[in-house]
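First chain A sits with chain B, and in the next complex the same chain sits with chain C.
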Partner chain A sequence: MANAHQNPAEPHPSLDRVDGRLKVTGAATYSAEYPFENLAHAVLITSTIAKGRIRTIDAKAAETAPGVLAVLSHMNSPGVPAYGSVKLPAERAPVGTAFRVFYDEFIYFSGQPVAMVVANTPEQARHAASLVHVDYESEKHQTDFEANLSKAAVATSVQRNKTSPFQDYDRGNPDAIYTAEVKIEATYTIPTQHHQPLEPHAIIAVWEADDKLTVYDKNQGVKSAQGNLAQAFKLPRENVKVNSKFIGGAFGSGIRVWPHTVAAVLAAQKVNRPVKLVLGRELMFTSVGYRPFTVQKIAIGATKDGQFTAITHEGTGQTSTYEEHLERTILATRAMYVCPNVSTRYRLLNLDVNTPTWMRGPGDATGMFALESALDELAFALSIDPLELRLRNHADSDPERHLPWSAKSLKDCYRIGAEQFGWKNRILEPQTMKADGMLVGYGMASSLYGFHRHPSKAKAVLLADGSVVVQSATMDIGPGTGTAMTQIAATMLGVNPKKIRFDLGDSGLPDAPGQNGSSTIPSVGSAVHAVCKALKIKLLTLAVAIPGSGFADVRPEDVTVKNGRLFPSADSSPGIAYTDILKHHKLTQVEVTEESKPGAERDQYSMYSFGCHFVEVHVSPVTGEVRVKRVVTCADVGKIINYKTARSQSIGGVVGGIGMALMEESAMDHRYGRYVTTDFASYHIPVHADIPQIDVFFVDQPDPYVNPIGSKGLGEIAIVGVAAAVANAVFHATGKRIRQLPITPDKLL
Partner chain B sequence: MKDKNEIDATGPRRDGDHHQEDRRLFLKQSLAMTGLTLTPFSFFNAEPDSYSVLAGNADRVDLSLTINGVKRRLSVDPRTTLLDLVREQLGLTGTKKGCDLGQCGACTVHVDGQRVLSCLSFAVMQQGRKITTIEGLSNGASLHPMQEAFIKHDGFQCGYCTPGQLMSAVSCIREGHANSEAEIREYMSGNLCRCGAYPNIVKAILAVKTSGQSV
Partner chain C sequence: MKPFHYLRPTTVKDAINALASAPNARFIAGGTNLIDLMKRGLVAPEKLVDINSLPLKKIEQKAGFVRIGALALNSSVADHTIIAAKHPLLAQALKAGASGQLRNMATMGGNLLQRTRCPYFYDTAFPCNKRNPGSGCSALEGINRLHAIFGFSEKTGPPTCIAVNPSDLNVALSALDATVVVQNTQGERRIPFADFHRLPGDRPDRDTTLEAGELIVAVDIPDAPFARNVHYFKVRDRASYAFGLVSVAAALDLDNNRIKTARLALGGVAHKPWRLFEAEKMLVGQPVSETAFRQAAEVAMRDAKAFEHNAYKLKLAPNSIRQALTLAAGIS
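This part shows the complex of A and B:
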């Protein structure tokens, strides 16, 4: 039986965030905050039409306005070498073309960058931007997802790739759905939702020389940004430096290098000065992707005692006309529950919008909203407790790949969550629980997320004073990467965490993946583990060479470490201080670099994280207002490195899920193909008053197969399933099944 | 859902009992500013021939104020917000720009001891005022109790909303609005956090409040 732990009753003390002091004193430096002499300020001008072309750009008034250095557009851009020159006659970009900024006159979406003003001060740039006049030739646009749904099709990239997971999938005989004893079928809709991190995307671009570029950029992967920019500007990779030490949230919005980043680099080239560009909040709706509008149809067939006999799941997501964005929408359905007959279909709909991107729990948060809502509908139809229905269909091995799970403690999560929440107090019949004149609802949902681990390197340097510097080009968009890595290194090396410094967010550091797909702890944590182990062995080798040190014939696996000292075994011998080892060898430092990467285990086991969420809502029968009163969330993500930060990450996922369920919707006026939600007054995210205390539990058992540290990622699974748990609780409270997010009061009245 | 665009959260606030008065004060100041920018050119001793030129080449205005205990004599573009003044001109980047629309609270500073959204306040409105930014919250090397509590209770993740949350959190206690979790949530709802650190922030504020420490 697994042990449950809740902060503050932690199994081991959590290190406070290593960058906490910098963050609470305002000393943490984010991308837009690096000082430069001669810094110029840029303001983007974006398209006001959704489709067509630019006829003319009149920039004369802006160019002569005080302080203006340049007005950049396709008419005078220095050009991005990788784009090549414009072919004549100019043609619209075919599907599969990443957007090219300031390239030609074509407009693909409203909010597309069409020009940029660069000036000495932000005030001058903003004013001059208002003087630029762009004349367009409009064409009829299509931005309405539901009105165009019949045009959805299998993505061309999927058609070309016969092994794509997004190919039509059939297991067993999906037609069994038609003969099921009990069947539910429903369509679920998720509107476009935006990441909207509190820090807007920002960049300072600096050309150090004609062929040397440095950017201070908000992104989630310095190495991929470096590679992308090097490729775009045809520079040797090492000539591009990307610095992203502090990132004010991203949730997926920083996985790609976006057009505005390239635009700022072009501007810096044009004016031959460092250029800063900070996106206004309104541009955060059209510049950095979003969770795509998605419609899903799910049918579940079951026996009268709740055994699934067939599941069909069709999902259609929105994308742009120039790129195909695919996400896991329908994939969870194949692996989550045991069911002999399953079919999935995935389609894309190209619209005159910017390309979507991954947003926290991409695809799975979307797909599991539909699947876990559908399960709740089936449970109601069968008069079976929703948790019991899940237990009856629990998959003991991966039903899709026919492999054993590397580890799965979902039943423990259910048990812990149900106990802590008091699920047994739930009355099966909806609309029966009430408190203080409010309708009370209990809802739950499962969660899963695939395991991702990528090759990662880390360097460890032991200095003569006994302090350690560990480095890797990983990122921290908020979860506390440096804190977790410091904790891993401190444990491995027996060094006080205060004497360890972990460097990240700099493309000059050893290779590491970007922070996405919950892969940082599994990948980089393994590399830090490996490099600290290698450092320990190197210290042993050095100790062996010291006469009388007592380390002769000591095997590496017997060595123990504590308080900056190496011991030949776990017994009470005095051992030797690291500092003395270095002193003896007259070394100022000892340095090792290691790479850690996945192996054959991925073909032998199916690797996922699992979890569940329990939610209590109170719904006003008069106004339809939904208040989330309590949440209990439990996850099995292998070994927990740092309880404090892990707990915060789980809470954050739940808060994101509450926003997804109850508030978040990017609404468009299709007459103009333009978002009308362009700020926090219209795009609602949860505020303090919307969020109760949230109880977090972890199973905290190492997964023996995923990696040397037994840890899986937590970022995504924290949000996957939350929206369904809220929707299910709302159904339990009101008897109303809301299948179109967000669940706003109008839908309940 | 809270209305995140309440005007009384945007003006200089003395205490919770004077919202109407503050609203009037805010509007008055705003109108004064509007008047300033539309005032005939001679007001600035400029020689422009059109409004657009004036706006584009607005003369700089002398301004003296106290920032984090230090008296500053400055010359500012009248279009400069207090937020851009501290971030862009004074290099005090601890105060954050989240929306520039008064909707997120990341830019919260104290003006004469009251929490104010610096993105909605023009710099020139601050003549003679005492501004405290996050850089001035702590006393030298030792952290302010609220900063300590945020670290202890992990009241942040990415850290971007944190300076604004901290400045509001201190005001929340000073205003007498930190007597329960529910009250704290209400009076902190102008400060958005996308990472979802809300429960930890509430715990931190309550801990400081119940400890009785001076804020």
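This part shows the complex of A and C:
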């Protein structure tokens, strides 16, 4: 166990953020901030109906307004080569077609981009946009999830793929649920929730030549954005440059290349100038995905002493009419606890809305809200302590894949969390604890998140002055990627972190996955580890060639590093400075590129991160207001690279989970198929006053099998389970089980 | 945003004249609401008359009343010694509203004119009688969790508008019987606070009785014995920086344990700050007690009516009234 402030065993325990000063002084340049002479500004015009077609677009007044360069729509778009030409008679896009911006007259959702004004200034563009009149032919739309639930079906992509994990799943006897000694069954609803990073999505698109495109874009993967744009505009990959060095939060909203990005690229082509597009807050609700509205039915059967005998979990998620967004909603239920009889079903409901996307802890945050709430309901029904119930059903190996875990310290997490929180002071009976006129509730929940590692490359360059540049086309959407990578390199090379620069967010750098699925540390961290190791070996080779250096016959594994010097062993020999190695060989630099990728271990072990959250809430019996008073969170994510940034990431996940539990809801008026909560006055995320003391703990034991650094990702698991822990605490305080998030005061009155 | 002319007069007279000569001109002070409205295309003034250079920032004790200049910032008023000593209810209400940054920009006069936060008002894709009279009220059968339970008329058909006034300050000023002082080309006009904001009636587009071309110059608060037993109680979806679901301004003048005078106003329940005259009357002469407070809350709620999503206010409002009175009386 280690408190998440620093680990004294680490050589650079809590390296400050390498870009922290740039960020807090405003010196960091975000996508919308790159200066260009001749920069033009774009404003999107979006559909006010949810389904139908555009009859006409009257842009005459806008086109002649001051400063206007172009009004773009499907009527005059230069066209995206990959879309092909419109096939006549025009037909609505079939399921599986990514939305094609300014392509044809069809409307698929309210808020869909239908036109764009490009002008010399943002003000001129905004004004001219108000002058464009779009005439629609409406058709009856369906956006109401609950009213249409009976139309949900197995996704066509799942029907086609017999090995899809979203196929109907039955382990053991699916009917066992009916004969359970004790059974609870309940339905849980999560409304549509939006990522809403503080930095809105933004892009500056620049055509450097007819076949050369550069974009400064907010996204979570420069390489995938590069690939997507190259494919869309049929350009050689190397002709597309994507620059995304600083990202002001994303939480999943930047995983895809969205229509607005393509629209800005089209506009830059049309006006032959660099074009900037920044989404207004209201457009952030319909342009960059969301956590889908999801309804889940769970039943758990158990013996009277709390041993699970059967679990059924049915989940239905919302998607658009043109794409199928699948997420892990029901998958955790198969692996989380020991249970002989488990059935899961996953369905999608196509509605006249834009396509959802992954949002922090995608699927698992949703599914674990339901599963961990249901466990709490069962614990109450059995009069068993909720933590004890989890321990009784702990899975010592993966019950789904029948494989050993690569590592699992969930029991340690439970123990640490319970001790630090003071769980033993919880009175079993709900509605019994009170303080200062408030109802007090203690709740807890487990968390898990699958391990993801992707092939990743990194380059390391040692310069003559002893400084090191490490590069990889990875991202930093906030967790502190550059800091963690600098720390890995510093440790591996024995170089002061101040002498290391880590470059990221540029598609010209060595291949790396996008920042998603908590895969950055496992993938890119491994690549940085590998490239530093390779650099060390190269330096050894160079050192061996220096007469009298003392490195002859030294094995690579015996070499040690410290203070920018190479030592033949861990003993006290003077070693040799990297700078002297280069000087001797008259080299200005030494450069190495390495790739690191997963291997057969994936088939030998089941790999997950685990954790738990403990929450105390106070609920006002007068107003129904819920205030979270304290949180203890503990995660087992293998080795912790940087305690400071890891702690921040855990805190961020808890804050997101509190928002999910108590506030966040994108409410739609189904008469219009349109959101009504499209600003921060109506879409609530937590403010400082909502966030109490959050104590973060890590088990901090390297996972021996996942990768060379023994570290799993942390971003997603930090939020998984938080909403359930809050809801369980609310039940404990009030005796009221709220199964429909968010838990607002009206639901508790 | 439509291009506009901008000028910054330095005298009240010049400001009023600047507006009088341009029918589609608007005053701007803190801009914390007007700029939002302009960006969303809800108002498109040809001319903005910036009044920040006018000498209207003072907070002074006058004979029998405190005068607060219309340009006094929310944050300055909330922290002012005169306000803290004589009208702590006002300070509490101000501090319950918006965020520190907004309070540093927002002014007293502007706050009185803050438009509703009804989402249907802000999005031009929806019908809205307040924005576009005659187009209909989308909230009536829409998502009306935040909407009114008082003050809409159903005499001549469905209510025209069920939006609520979003200001915390207004609720306190209503309870404190303030007077709004305005200037026009003819001179000064004094509007009792109860008459300043309107109910929607057949003109839901009009929030106040301020006439075109009039400039708010000050708010006067009469001296009153409400320095001790006051409480501004605000219920919201998160701990700070949220518009109230329901709020209560409660002020009591106690003689030993007996209520000599009571003031009560509700926020978040009507098109205007909702003063509870009947409940106040009922409390006078009563001892401080849970029974009296419960009875007051019952009286207050007599004419309340809820819609599909705001029925919780029928319980939340009386609970909040009782709680505010309890806290104001200093019993727990």
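By definition in this document, the second predicted complex is superposed on the first by the 737 of 749 C-alpha atoms of A that agree within 3 Å, B and C clash if a C-alpha of one lies under 4 Å from a C-alpha of the other, contacts with A are read in each partner's own complex, and residues count from 1 in each chain.
Operating definition for what follows: a contact is a pair of C-beta atoms (placed from the backbone, for glycine too) under 8 Å apart; a residue touches a chain by one contact, two chains touch by 3 or more.
The structure displayed is predicted, hence computed values, not measured ones.
When the two structures are aligned on the shared chain, A:L88 is found in touch with neither chain B nor chain C.
When the shared chain is aligned, no partner comes close enough to touch A:A209: not chain B, not chain C.
In the superposed model, A:A667 makes contact with chain C only, not with chain B. Legend: residue contacts after superposition of the two complexes on their common chain; A:A600 is shown touching neither chain B nor chain C.
Comparing the two interfaces of chain A, the one with chain B and the one with chain C have residues 66, 123, 126-127, 625, 662-663, 679, 681, 684, 686-690 in common. Interface residues of chain A, counted against chain B in their complex, comprise 16-17, 19-30, 32-33, 35, 61, 65-67, 121-124, 126-128, 131, 195-200, 246-251, 278, 280-281, 477-480, 625, 644-645, 647-649, 651-656, 662-663, 679-681, 684-694.
Within the complex, the chain C residues that touch chain A are 1-3, 39, 41, 99, 117, 119-120, 122-123, 125-126, 138, 141-143, 145, 235-243, 245, 312, 315-316, 319-320, 322-323, 332.
On chain B, the positions that touch chain A within their shared complex are 1-2, 4-5, 52-53, 55-58, 77, 79-80, 84, 87-88, 91-101, 103-104, 106, 133-135, 137-138, 143, 147, 150-152, 154, 156-163, 166, 181, 184-186, 188-202.
The part of chain A that touches chain C in the complex is made up of residues 48, 66, 110, 123, 126-127, 130, 282, 437, 622-625, 627, 662-663, 667, 669, 671-672, 674, 676-679, 681-682, 684, 686-690, 744-746, 749.
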